[in-house]
Amino acid sequence: MTQVMLKELAKIYNGSIAPAVSSLSLTLESGSLTALLGPSGCGKSTILKMIAGLLPPSSGDILFDGTSILRKRPEQRGAAMVFQDHLLFPYMNIADNIGFGLKMQRLPKSEIQSRVGKMMELVQLGGFNARKPSALSGGQQQRAALARALVTRPKILLLDEPFSNLDANLRIEMRELLRTLQQEMAITTLFVTHDQEEAVVLSDRIALLLGGELRQYDTASALYAQPNDEEIARFFGGRNFISGTSREGRFECSIGTFTLGGNYRGRVGKLTFRPENVRIGDDSQAENSFDALVLSKIFLGTQTRIRLAAGGEEFDATINPEDALNLEENMTVRVRLPKQSLWVLP
Amino acid sequence: MTQVMLKELAKIYNGSIAPAVSSLSLTLESGSLTALLGPSGCGKSTILKMIAGLLPPSSGDILFDGTSILRKRPEQRGAAMVFQDHLLFPYMNIADNIGFGLKMQRLPKSEIQSRVGKMMELVQLGGFNARKPSALSGGQQQRAALARALVTRPKILLLDEPFSNLDANLRIEMRELLRTLQQEMAITTLFVTHDQEEAVVLSDRIALLLGGELRQYDTASALYAQPNDEEIARFFGGRNFISGTSREGRFECSIGTFTLGGNYRGRVGKLTFRPENVRIGDDSQAENSFDALVLSKIFLGTQTRIRLAAGGEEFDATINPEDALNLEENMTVRVRLPKQSLWVLP
Amino acid sequence: MPALPAGISVTEIDIPHKVRPEKPRSRLFNLAKLSLALLVAWLVLPLLPLALWSFSRSWYFPDLLPSDYSWRAWEYALSSTSGVPQAILRTILIAVATTILSVIVGVPAGRALGLYQFRGKALIEVLVLAPMVIPGIAVALGLHVVFLKLGLAGSLIGVMIVHLIPTLPYMILVMAGVFANYNPAAESQARSLGASALKAFYYITLPAILPGILIGSIFVFLVSWSQYILTLLIGGGRVITLPLLLFNFATSGRNDITGAIGMIYILPGIVLLLFAARYLSGRNMSAGNLGQI
Amino acid sequence: MSERWKITLLLFPALFIIGGLFLGGLVFGLAGSLGYMPLIGLTDWSLDAYHRILSSDSFYLSFVVTFYIAFTSTLISGCLALGAALMLRQTFAGRSVINFLFQINLSVPHLVGAVGILYLFSQSGVFARLAFEFNMISKPADFPAMIYDPLSIGIILQYVWKEVPFIGLILLANLQTIGTNYEAVARTLGASHWQTFRYVLLPLLLPGLLSASMIVFAFTFGAYEIPALLGQNYPTALPVLAYQAFTNVNLGSRPEAMAMAMIIALMSGLMIIGYARLARRYIRD
Amino acid sequence: SAEGPAYKNWDEVVAAAKGETVNWFMWGGADNINRYVSDWVGREVAKRYGITLNRIGINDTAEAVNIVLGEKQAGIDDDGSVDLIWINGGNFRTMKQAGLLYCGYLDLLPNNKLVDWTDISIANDFGLPVDGCEVPWNRAQFAFAYDNARTANPPRSIAELIAWVKDHPGEFTYPAATDFNGSVFIRHVFYYAAGGPKTLLGDFDQAKFDAVAPKAWAILNEMKPYLWRQGKTYPNAIATLAQLFANKEVALYFDYDPAIFGINVENGTFPETTRSYGLEDGTIGNTNYVTIPYNSPNKAAAIVLANFLMSFDAQYEKAKPAVWGAAPAIDLSTLSANDQKTFRALPRNLSVVAPEELAKYTLPELHPDWISAIETGWQENVAK
């Protein structure tokens, strides 16, 4: 149970001008699982390496439970890291791999054995002790790597896209395992991913990083429903942005006037709402209802995406394929935007 | 504009006993885009390679516009292939890569240049002529690979999971590009993927392959709503299967009796319905409505998955996150299964 | 030689100096650097007296430098009387021919071993590698009899062929490694774009494996270039290469001429290395294949 | 074309050459060592040659000396190469120059190196002269004998000189492949610098180090020209002994030469097997 | 032994030789000899006879013998690769015994008349009759060298040497018996132990050997602790001894061919104050020859070359101190008065002992079987 605080952390790599990470401040609560989400090259791995002590920050500080650990060497920090490639030591069998950290701490053999044994049960690798890593499947390898990190009971668990090499089904399985173990052991965890679904499903909070900067640090649903800006909204699949003016809980735009769920200061701004929250064919006279023209209809398998136009603006709705059956191109439909689903961006 | 016909095509690899592809018959209409969908190892790449002439079939025939092309060498078939790894030739610049096929045809330099130039504009790579593939982003590389195949004006375009290495946003962009170009040039296209969403969005028809056998060859919506069997249903994300008996347009099971949208012969069978088609909290007395208990609720980003229980059976519903806000675990809700969304499997 | 300091930095993980200005470690690091410099000096050192001798006329103990300089060793070494110029050409001819042969034979074998899994592969690997770990002299004595019978003993061709024994494994090993990382789908890609098999090889395969061929060739060339005993045994004194001449003078105590021939002898290799440095440096992994037997 | 045919065709030339030349040489050598050399009029199979060499002291002494030289040279080269590779991996100013210098004697033939060592370390060599200059010795004989000496120091120095870059190069390439992530993981799991080296990097490098060492051992075990140039006259290295027997104008000693060659081959063969065992233990499951 | 082409007269030989190439295998470790052979002789025979001379430098004459031997066993009887070998002693014996020589052409050679075949040291090569199978090229006689700037009174006999070595520990050594010169030094000690060579001449006699050998080994072993490196090792080759002498590690040097002293001074290996001398109890002399293998495909040219090597011009050129300084194998008295004068007028290198002086005390060589026995005995009893 360790609280991690990053204070104006920055990193400029030798030889490059632009900072890979710039002035990042972030607090990870004890025992929480935070996802560090961002596109490739935005500095996620860099942050992890700085926390682990594998890379010196250019400036700023890192505190574990309020104490700076910058002066500590990696092996003294208690921050175990798991990489995308499992990086199991190929010449050791699975038990030795998992026991590696304990051996480094010079624990007695019997203790190592019992802790490794328990951990292997936990990650469902019981009985694989003597196998070499190459004799395991991808999922088993990644489970072993996780076990190797967890068995040392690290203060902090750092995961750098640990599942991105696995196929979809395995990935889902591993997520569940990680979530279970993390909660059971209450290890403060920082999880790097560029897959928003993974971040959403897995984490308590998401730190969204774009271009080396922390852009929003919030729960998953807040990031979906209340993004700080349009870029964030787009990152999370937002497709609808309608310009207009907000004033006293209402938003005026070319489509009409909408009642908002909250109050917004800004006068000029953009109204955003998620495609899945657009209601089509609802009771026609309710608040925030208007007529729209169906432009196109694309079957996406579990959903159908409808492109709509109203008041000169275009926007998307995704609805149940079943409900979409009776929609046709060029049809006019009644559309409602529930007020809780509306959000205004500056 | 070429029609492709596979006739009882089979392939048994040297040294293996089980056929990789067994007795496959399939007709690709001129200018259509067909997705070849199936899990890893089901023989998708093998089929493509046989069509391209890179692998001799063990038996069966391949006809282009009614003429067998088995005796033709790959370079004479006019079937251009695009692989999962872009396979751009690393030591040639982009223009040379794209012009490779034309150079092989010994076209005059000026013609190669002009055709390559036009194609590069088309795939939005104008100005990248002199770059080496390694200096392009993943999406650009894949676009170049596509351009390289298209510039030869192949009779048939074979794509082997061309986008699976790209990240989500790029993938969507590339799909749209492919669809546009394919329709514009009306090239008969066979597209291999194991991503059902991709198959659904992109193709005119989907050939579903499981274990080297063609299991269903149909439009996307038919595959979703009317799968031939449970395995197919599961492959497309079906999660709800309730055992019971169907008779005269009705289905009896432990939850109750449901009115079906069609008539089914089979007496004992499984009722299936897609999670997204489950209605929660609808008008309570309508047909096919019943009470169910909320077991759990998982936020998935754009949707929320609700696990429900009724009559001793469990099933999933995915609903709008917004609508899910007022659902709690252990709550009892009114559930409706619209009759058009019900399907009975043998 | 300086011993390996226990704390040499084994990774690129550098600890923030600003944060951990720990002196002992940096001193240790300097020590490591110093020993590296010493090592490199030691590697170059033996070449210096050789160079000096080649210009000396008389250089007696305990003089640190020759008391008299002269060009005569070079004059002799470069004259056709000495046979050195002819020997250079002959040595180069043998090394180049050996290299070409090893490419022709080794590249296909490397492809088979790198790209395919098949029964008996392990056995073939052992066979291919065996000449690398079984000294040539052990084989050459027996081979001499065969070559004698075939009329190859004492001929240039015989020497070229026998040089294949120690060199071919290098080529095959390097190429097997290259092909193990090679994606043959690139050839399929080219075929499906309308390239014939030959063109696909020329335009696609060859450029991809060329760096490997180069590395392999350098190894083969150098091994053949410095071969002594096989040339002597099979060449039977009739195929005079540079090492034979060098040995001749080294054992007859003519340090000046030995020095001059030595200098001449290392020159082509260094030129080759200069040209190939960027392929050999750690960035190219082909060399690492040698560590994979 | 079926795949099996393709593989056969690809392998054929190499197997023809290696099988024909290498195995052929071994087989004829074996026959010769057993006294069967119709070419020189020996047609009686016998173990005489082996008896003769195995009953002479000089063979055993030569064997011991040769093994000692090969083993010591390989060990020292391996250790130094490992250290050098680890240091060369780091980025520092002038690294490319050092790298080049490090590789330079890869291209220098053994024989040239041997002559250089001779000029440096003989009792009247450069170092002896330096020692004289600084009044550490008063005559050449005071300088420790390192050439033609019983400990074969000169020979070992030459091999070390030549083989450190060879092994180093292989290790550098291996290090490149291994990358730094394994070490990073180990550090975050609580391994110190030294532990990381000892438990992670070293085992990862071991296969490469072993194979490279094996090549070096085989070479040093079978080399003729270096001990011929720098070695003492008695006991001499095995290959020198074999070559002397082979070129003896008395043809009767050829079977002995062949027998020695077979013993050299056998020893090297044993090395391969030993290595394969080790390697299997460490890398292949 | 083996039959070669039968030439009726010299002109026939010369005619047949024209355009042929002679592959002459000879020790190649001396640049001046190489120069003499390749440049001067090569140029002359090309000019005079249209023959191409191809000198092939080898480390050890045995290599050439081996080639011929191998070829014979492989059945290559008329297309061998060796046409001429610089040879004597054991190698000659091997070739002769194995029937590897082409013989019986000496009478054809115009210059054969310059050779004094009545001199047993020419008619016998290490006690083995030449029998018309080789052509004399040089004469050599063992001599010692010292640096008169360093050593005032070098030992002048084996007895003196034994005492001198004890007084000057570490300043003397001799090459191992495997070396040609090391072997001849050991023979001098052997002669001393036997009280002179007389009893040892003729075929090998085990009883005689057993009587003398222990004494000789005792002397050498007694010497051992006072040798360079306490006799723990011996130089492998005479060149090593030359290096030791050049670098003042040892005070004495010796060589079967005194010309080498001059050569080494000329080329800067030895100091200019090097002087040489023979022993008062005599030193061993020999003749070295060139011979033609039975399977040489260029016998005519080889014969012409051998004849030319014996010519006044060739022997005179070779005798020049700046060229080689080798003692002639021909009998000077058979030359014209003028030629004799020219020869006598040759300047002598100060470092090279006068041949006349050496010739005063010449000891014969032993039969090769004796030599083998002594060499083996030394390995067994002294080297270990």
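A, B, C, D and E are the chain letters, set down in written order, and residue numbers restart from 1 in every chain.
Assume contacts are C-beta pairs under 8 Å (C-beta built on N, C-alpha and C of every residue); 3 or more make two chains touch, one makes a residue touch a chain.
Source: prediction; values computed, not measured.
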{"item": "Innermost chain, where centres are averages of C-alpha coordinates", "value": "C"}
{"item": "Reference chain A; chain at largest CA-centroid distance", "value": "E"}
{"item": "Furthest chain, CA centroid comparison against chain D", "value": "B"}
{"item": "Distance between chain centroids, defined by C-alpha means - chain B, chain E (Å)", "value": "92"}
{"item": "CA centroid of chain D to CA centroid of chain E, Å", "value": "38"}
{"item": "Centre-to-centre distance between chain D and chain B (centres being mean Cα positions), rounded to whole Å", "value": "59"}
{"item": "Whole-Å gap separating chain A and chain C, where each centre is the average of the chain's CA atoms", "value": "53"}
{"item": "Sites on chain D at which at least two other chains make contact", "value": "3-4, 39, 124, 140, 184, 187"}
{"item": "Interface hub residues of chain C, defined as touching at least two other chains", "value": "13, 61, 148-149, 247, 251, 255"}
{"item": "Two or more partner chains touched - positions in chain A", "value": "53-54, 73-74"}
{"item": "Sites on chain C touched by chain D in the complex", "value": "1, 4, 6-13, 32-33, 35-37, 39-40, 42-50, 53, 61-64, 104-106, 108-109, 111-113, 116, 118, 124, 126-143, 145-146, 148-149, 161-162, 164-165, 168-169, 172, 222, 225-226, 228-229, 233, 242-243, 246-247, 250-251, 255, 258-259, 262, 265-266, 269-270, 272-274, 277, 280-293"}
{"item": "Residues of chain A that touch chain B when the two form their complex", "value": "39-40, 167, 194-197, 200-201, 220-221, 224-225, 236-237, 274-277, 298-303, 318, 320-322, 325, 338, 340-341"}
{"item": "Residues on chain A engaged by chain D in the complex (per definition of touch)", "value": "49, 52-54, 73-75, 77-83, 85, 87, 89-92, 100-101, 103-105, 131-132, 134-135, 148-149, 152, 154, 158"}
{"item": "Chain D residues touching chain E - in the complex, by the definition given at the top", "value": "39-41, 57, 122-124, 139-141, 145, 148-150, 231-234, 244, 247-251"}
{"item": "Residue ranges of chain C touching chain E (in the complex, touch as defined)", "value": "56-61, 68, 70, 72, 76, 80-83, 144, 148-149, 151, 153-154, 236-238, 240, 244-245, 247-249, 251-257"}
